[in-house]
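Here subunit A shows up in two complexes: once beside subunit B, once beside subunit C.
Up next is the complex of A and B:
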């Protein structure tokens, strides 16, 4: 595999990783009001195969955030205990939106790299056509 | 100027050795067959990725990656074919 095509597939792996990250963010935001919901986080890992496709990124296992879940006071809630509190979710919308924006920027950067290697391959082939 | 035919022939032999390509020689037909097989594999991967994308089984970046790879493979094949045909025509136009 040539360098340019392998850089294209590396960029594609970066885009796939950012898409998976954005999926987790939207799951978190969708469950921001779910009682007892734990925020999902995911780590990125470099693919350890150094020769064939080293440098590609893959997503690690999904983990649940262990941040403390707030006690929400709402005596009318079906899940409220005898004191009127129930356990909320530990999703912070600020963090999720910042995470989503970061995923978007990183996706765009990978897309630019993909497009650039495609253009470089095309323009070197243009030389053969005259 | 005095010339030594022996030295000249030795230099010529050395130059021939330099010009000879090194490494194991594979015949041109095998190389072309390998290239065509690679091309076929890339095209088939592109087609199956496009089908998987249309049926919702693959994500967008996989489809785009496979389609870009097959686009580049087509460009390469077309350019090489054009050059080969052009070279043959050049030979045909050669006055005998």
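Up next is the complex of A and C:
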């Protein structure tokens, strides 16, 4: 029983982590055309606490991607320098979409696990009701 | 007759094994994107049961079936992603449906045995 509820909280931590990742992806996509925007990335870490929270996942610090930002030629742009260039963002939409899809898949998998743990709990409780 | 209620011990042992395994699978899936995470699984129930049984035969243990056997690190299809993660979602899904089956089986056996016991006591 306690194992089942701990596996539910593990799945919930996984869903929270994937949701945080999806939030970063949507921030990146929203700012894909913002001049000078640096793509935000985040890593996952396993919680290595052996007692209460062991096995859960948590999100690491948000980092700015250091990929080079392209120089966009647009002399009419308000932020263009004297040569007519301004700094674009280093967001690649294709990568962001792939990342979002991966987050969705993992979220679904966690949700499925959560559901299964819940069903197992309720089938045990069903035994008690008889 | 039902000796020592072994069937109930067996069924609850199998349930506990399924529960523990479910906890590990949930951990694996939650960490499916964590760099360097190694997928874990329990030893199959048959194996841990056989080991327990051998011990019990020698008289060093009572017939109690403890579910928590040691965990093993698995690398499902021998795939390790570049960041050192060995979780394969497909393998975990397979495992979770196995667990589901195992759990249902154990609960079914438990319930049926209880019914038989009740019948033999003359109650409905």
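Everything below uses one rule, namely that the second predicted complex is superposed on the first by the 129 of 130 C-alpha atoms of A that agree within 3 Å, B and C clash if a C-alpha of one lies under 4 Å from a C-alpha of the other, contacts with A are read in each partner's own complex, and residues count from 1 in each chain.
One rule holds in what follows: contacts are C-beta pairs under 8 Å (C-beta built on N, C-alpha and C of every residue); 3 or more make two chains touch, one makes a residue touch a chain.
Just so we're clear, the structure is a prediction, and the values are computed from it rather than from any experiment.
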item: Fit or clash between subunit C and subunit B when superposed on subunit A; value: fit
item: Touching partner for A:128 - first (subunit B), second (subunit C), both, neither; value: first
item: Contacts of A:77 with subunit B and subunit C, given as first, second, both or neither; value: neither
item: Which of subunit B and subunit C A:10 touches, first, second, both or neither; value: second
item: Which of subunit B and subunit C A:118 touches, first, second, both or neither; value: first
item: Comparison of subunit B and subunit C by subunit A residues contacted; value: C
item: First, second, both or neither for A:101, with subunit B first and subunit C second; value: neither
item: Touching partner for A:19 - first (subunit B), second (subunit C), both, neither; value: first
item: Overlay on chain A, subunit C to subunit B nearest C-alpha distance, Å; value: 10
item: Contact residues common to both interfaces of subunit A (with subunit B and with subunit C); value: 8, 114
item: Partner subunit A, residues of subunit B touching it in the complex; value: 59, 61-62, 64-65, 68-69, 71-72, 75-76, 79-80, 82-83
item: List of subunit A residues in touch with subunit B within their complex; value: 5, 8-9, 12, 15-16, 19, 114, 118, 121-122, 125, 128-129
item: Subunit A residues touching subunit C - in the complex, by the definition given at the top; value: 1, 3-4, 6-8, 10-11, 13-14, 17-18, 21, 43-46, 55-57, 102, 105-106, 109-110, 112-114, 116-117, 119-120, 123-124, 127, 130
item: Of all residues in subunit C, those that touch subunit A in their complex; value: 15-16, 18-20, 22-27, 29-35, 37, 89, 92-93, 96, 99-100, 103-104, 107, 110-111, 114
